[in-house]
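As structure tokens, the structure follows; a few thoughts come after it.
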Amino acid sequence: MADDICIEFDDVVAGYKDFMILNNLSFKVRRGSITLLLGPNGAGKSTVLKTLFGLLKPRQGRILLNGENIAGASQKELLAKGIAFVPQGRNLFGQLTVFQNLELGGITLGTKITHERIPEVLEFFPRVKERLHSQASALSGGEQKQLEVGRALLLRPKVLLIDEPSIGLSPLVVQDVFKLLQKLAAQGTTVLMVEQNVKSALKMADDAIALESGQLVLHKKASELLADPNIERLFLGGGHVPGAAGGSVASALL
Amino acid sequence: MSNALLKVTGLKKAYGAIQAVGGVSFEVMPGEIFGVIGPNGSGKTTMFNSVLGQITPDAGTIELKGQNITGLSPLELSRRGVGRTFQTLQVFGKMTVRDNLIVAAQEHHGSMWSRMFAPGDSGLGDKADALIDQFRIRHVADSLAGTLSYGQQKLVDIAMAFMAEPDLVLLDEPCAGVNPSLVGGISSLLKELNKTRKGSFVVIEHNMDFVMDLCHRIMVMVEGKVMAIGTPAEIRANKQVLDAYLGN
Amino acid sequence: MTDFLQLLFSGLATGAIYALAALGFTLLWQASGTINFAQGEFVMLPAFMMLGFMSLGAPMLVSFVLTVLLAILVLGWVFKRGVVDPLFKYGMMPIVVATIGLSIFMRNGVRAGYSAEAHPFPSLFADKLFNIAGVTVTLQDIGTFVLAMAIVMGTQAFLAKTVTGRAMQAVAQNTESASVLGINVPRMIFYTFAINAVLAVAAALLVTPTYLAKFDMGEGLGNKAFFAAIIGGFNNSRGALVGGLLVGVCENLAAAYISPAYKDAVALVIFMVVILFKPQGLLGKKEERKV
Amino acid sequence: QEVIKIANIVELSGGGASAGTNFKNGVELAVKEINAAGGILGKKIQTTTNDTQSNPGVAKGLTQKAIDNDVFAIFGPVFSGSIMVSMAESRRAEVPNFTGGEAAGITEQGNPYVFRTSFTQASAMPKVARYISEQAKLKTIAIIYVNNDFGKGGLDALKKALANSPTKVVAEVSTDSGQVDFSAAVLKAKQSNADGVFAYSNEEESARILRELKKQGWTKPIIGETTLTGQKVIELAGDAANGAIAHVGLTVDAPQPAIRAFRAKFEKEYKYVSDHNGMKGYSGIYILKAAIEKTGKLDRKAVAATLHTLKVKAADQPGVLMDVSFDAKGDLDRESFMIEVKNGKQEVVSILPALGAGAAPAAAAAKK
Amino acid sequence: MNAIFNNKFATLFTVLGALLVLVAPQYLKNYGIYLLTYWLIFIIATMGLNLTIGYAGQKSLGHAAFFGIGAYTVAIMMKAGISFWLGLPAAALLCFAIGLILGFPALRVQTIYLAFATLGFNTAVWLVMRNEEWLTGGTFGINNIARPVIFGYSLEANRPYYYFVLAVTLVLAGLLWGLLRSPWGKAFKALRDNPIRAESLGVDIRNYTLLSFAIGAVYAGVAGALFASLVQFIEPAPFAVGASIMMYLMVVVGGAGYFLGPVIGAAVGVVLPEWLRDVPGVANWYLPLFGAAVVLLMIWLPDGLLSIPDRIKAKRAARAASAARTAAASRIGASS
């Protein structure tokens, strides 16, 4: 089984300056699987991905990729090892055109390969294709997200880190993207994905990891979790009003 | 139909050759929760921004409670009791979460001159604290909003829109990036405000469970045009909408 | 008419000088999102370096090459490591103030350590006058104009047409995203400042014969260049050329036809009008969509 | 009092840096010599130097600082604007204050503690005017001046001096300090069809004006004041400086032996040729020395009083460079020169007598 | 904002500082007092700029123009025989009005483009000061400006004038403090952080923008008026663009958006170079040293000197938050 592990967090402590977000976090991700990272807002999911991709330096612990410690490696090195990252929020170069954004996405590949692959990627995202020579900042929220996902796929990564791809995407596009990820996984790509769209994500994922306050609270097969009667309570709020202090928000306002 | 709260007629906005909004008309009734859905790039956000004075539409009129508000500034709209959230995160990054909420409502209390002598929190501290608790951001209440996670910032943004108790709130993808348990919370909040204060809402959202459960009526936009307006059940049953947007 | 042409040509020559200095501003703005208030001093220092090499007996071109190397090291690498790297992530204000400090340091350092006098500087071009239909121009004027044009166009083409150029711009627009894509951010920043250093040396070579090598030559030059860059458009290198030429010509025409005492005011009026009606400058790109 | 403390308050940075640095170097050279020769009345001189940044507000503060430190005399600032402000302080403290400023206003305030080291524009410009209208016989003249207190002061003084002469001022062209392109200014002078041009600006700008005049083919007389034909200007303007004529109060190229000696010593010490500001500072110290020695004691009030009637001969006190006399206002009087640049060198074309020496025009042209 | 007074250390610091400012002049000679007065005047001017830049986020590079307008207003009025006590409010009012006008470009353009526009304004004002000799004395300036007399008591000497300026500084600081702790303070910050969001929440960004300029300008104008009668001579040079840039430097070095930032910033800009003059052996190098010091200060503390307490506080808060997080995490760990 051991050589089946693609990514391993071993006792990682990481955070922003003196604010430690992840405290002795350990988990493993199987090669060729789609692993979901779940948890409430502020749990530290994005921090996990940022640490993995070297944007935050871990204070302690090891981060293993195929058994090799990659803690402290530069983004360029990580990309060379086949990892790609789609961060949360807006990550485009607004004043450059859509096409130029794609070109920069392939900067580690060289211009020739990039230009060959761009049309392939655009096939998945017709909206983006239509706007190829617009300024990136002029795109709608969802179009921008599509462009970002496309930009990462250009690299044909072996490991794809993707932070809430569904933000801003319309349902049909979400389905398409999920299907695409499944196809990639089937071809051997390891996908580590953060999602709040828990139900649909669980349906397409293999494994699920849940974080809370930077702590691992659960690591299960996605199918098991989906079948778990507690899932409603855990992730979906069960439809009732949240809030530790009790009382509804509305009453607070009145 | 003249008693509509918000009435948009023939709204158009083009960017060069791209007709982002191509003649949209709809009405929102007092006390209504009105959903807006549609594929990416169908012009929802552009429609919002035109209604809210953020951009100038090429054509069309917008009426609020029967008064023409076309071309009014966002400020004027806020004064007339229209609140909003943004699709992109828009918080005050270098202010604490609590101050973010306080500043969201303070300008609705007293005149500019009287505010010069008002207490620092304009007496809004309790209200802010209540919302902070409801949105489960108590532990970051004194952090600078810019250092919060994506979802937390989104929550701050939504909470801000409610601080001043507007009559009409336009929300652009409020659930994006928000944990499902809180999505339920937002839904309940809107319903409750709708019931108790007759608050009206226009919501753009790609989360169908949320929209279908919450909205009284839904408008579907495709390619800058209205494809359909109807109750959730009607929309769910609309073949065209399924093909263009919802899938399966 | 002859008078007008004389003013026009002289203005173009002076404008070319402004353009060269302004180019540094637009380059740094596009490729690093910073403003270097020591830009004038970045031209002044190489002028003294070249003088130094020449006084040691090196011929002009050799001095130029040596100065380019030295400038890449000092104004490029040291500046990047010492000032830009630690401040880059804090936004514009600290860098602006640090470069103000740097300009005071460089200007007065040269004064205290070397000389408060103006020193003549040899021209790249022979001292030749051309008289065309009553209008006199010097070879220096023509040469400066042509070279300035070429340098500005070259820089603009590099930024807009090459992937490296765009990667440099990408770093300025969104540093984290750039590194996520594997763009070597430190290297791009180094390129930016190295190119800026080379441009500064080139500017020094062309400008100093007219401006004279003096510790405070950067002050006046920097101010004019700053205006020129704004008028032309901060985020477009061709803007530097247009802005520079416009300021040069307007000053001259205003001095002759309006009022010499208020000639700067004319540039100023253009400037205000541009700012108010086209804040991004004549050739500048529009700001991004924000909501 | 063991030493004689002297404060040097000069422009070492900002617009006046060249002038201030020269002035300071002159002062320090003189002090070094005097100290080496045993000081004044057996006491050594101690100087402190402070930079005004060419800013009057700072100059005022520094003058107070010098007074707080109980200095015997103050040298500087050189800039007229600065001395106008700072001399209120030295006056209040009754400390003799030597300045390089040339604006007429300085000595018109009735301040008994301020003394010049050079001509005022009010005394220099009549000489220039006389040259323009009587010797060069120009009917009309265009004036290119720098728009600051120095340039405006000169312009006003010259216009006043020309008012009763046959020469008319047909163009007044304002330029900026630090200006680079003088094509419009020269063009305006040309358009005025004047018989000659009077150029009045700082050294570097003067050089640029000369170059532009040459470029635009100006062949009529070019006349100026000290700054037009300075060593620096000639160095910077090259060929273009040839033919320029100026009235110069102090010049290192003057044929007097004391001045030649000074030139050599200064160049040896600082590795460059002094300008007139260096001479102002240098001779200023020697004037002070002469005044103290004549007074016989280190009493500021008495020394100031002495200065007001002081006459020093270069033969007795070579450091003053030329025979000099002071009047009750603190203005000085001495010979001056008309200089022409020939083959890149200053040449004295005539020596103009001191005003006090009678108005007989010096006919003899002294050649170097 | 109130953190600075909550902090015991800061309170101590403030009290000590206050004592120093009150007592020190008794032991200083003229020059020392002159320098302190200079410093206070720049504190007033940069307090205003701090409001414009640090709180309201409007990038202004034209502050010295107001400083000059204040100085010239008082000087010209006093030359015309009008009392300083009429001149001072006139200067303040005039600056307020012109400040409002300068605010208008800020409604159209932001960030660096605004900095450019204000820079242009400064140049224009400077040109008028230099060229309109009939009004401003042109490059000759205006000399012999008298110092005011208060209740028959002359402030001509340096020490009384110092205390007078100190009193003005304290009053103006108090007013600004009150303004910033009121809802206005938050509105300014909201304008700085995100004007688009602010407007949609009912913050009248137009009024606040204009007022941030106008109030800032009033402070500069009052400072200018005091400056004119401190130096007793004015000419255009101290009000040129370079001076605006220096004031900007002072605000940022002290800490933009920190109430006491200008106190430190003005000390760096005014007192530090004077102090460096007297460091033995470097006299000729004091300006380069000053420049280098500014660069080093920025590299060390990009948010300004007054960010030190905030840094310490942030560090402490981060540690506490980390601890809280670990505690929360261990509770979760126990339950699952």
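Lettered A, B, C, D and E in written order, each chain numbered from 1.
The criterion applied here is as follows: a residue touches a chain if its C-beta (ideal position, glycine included) is under 8 Å from a C-beta of that chain, and two chains touch if they have at least 3 such contacts.
Note that this is a predicted model, so its numbers are computed, not measured.
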Path length in the contact graph (chain A to chain D, fewest steps): 2
Fewest touching-chain hops separating chain C from chain E: 1
Far-end chain from chain B, centres as C-alpha averages: D
Most extensive contact between chains (C-beta pair count): A-B
Distance between the centres, which are taken as Cα means, of chain E and chain A, whole angstrom: 47
Between chain A and chain C, centroid-to-centroid distance (C-alpha), Å: 43
Centre distance in Å when chain B and chain D are each reduced to the mean of their C-alpha atoms: 74
Length of the line joining the C-alpha centres of chain C and chain D, rounded to whole Å: 36
Chain A residues counted as touching two or more neighbouring chains: 16, 138
Multi-chain contact sites of chain E, meaning residues that touch two or more partners: 130-131, 196, 284, 287, 321
Contacts with two or more other chains, residues of chain D listed in rising order: 12-13, 147
Contact footprint of chain A on chain E as seen in their complex: 314-315, 318-319, 321-322, 325-326, 328-330, 332-333, 336
Contact footprint of chain C on chain A as seen in their complex: 53, 55, 75-76, 79-80, 85, 87, 91-96, 100, 103-105, 107-108, 111, 135, 137-138, 151
Sites on chain C touched by chain D in the complex: 3, 6-7, 10-11, 13-14, 17, 107-108, 111-112, 115-118, 120, 129, 136, 138, 210-212, 214-216, 219-220, 248, 251-253, 255-256, 259-261, 263-264
Residue ranges of chain E touching chain B (in the complex, touch as defined): 2, 179, 181-187, 189-190, 192-194, 196-207, 257, 317, 321, 324
Parts of chain C lying in touch with chain A, wherever the complex brings them together: 163, 166-167, 169-170, 173-174, 176-184, 235, 285, 288-289
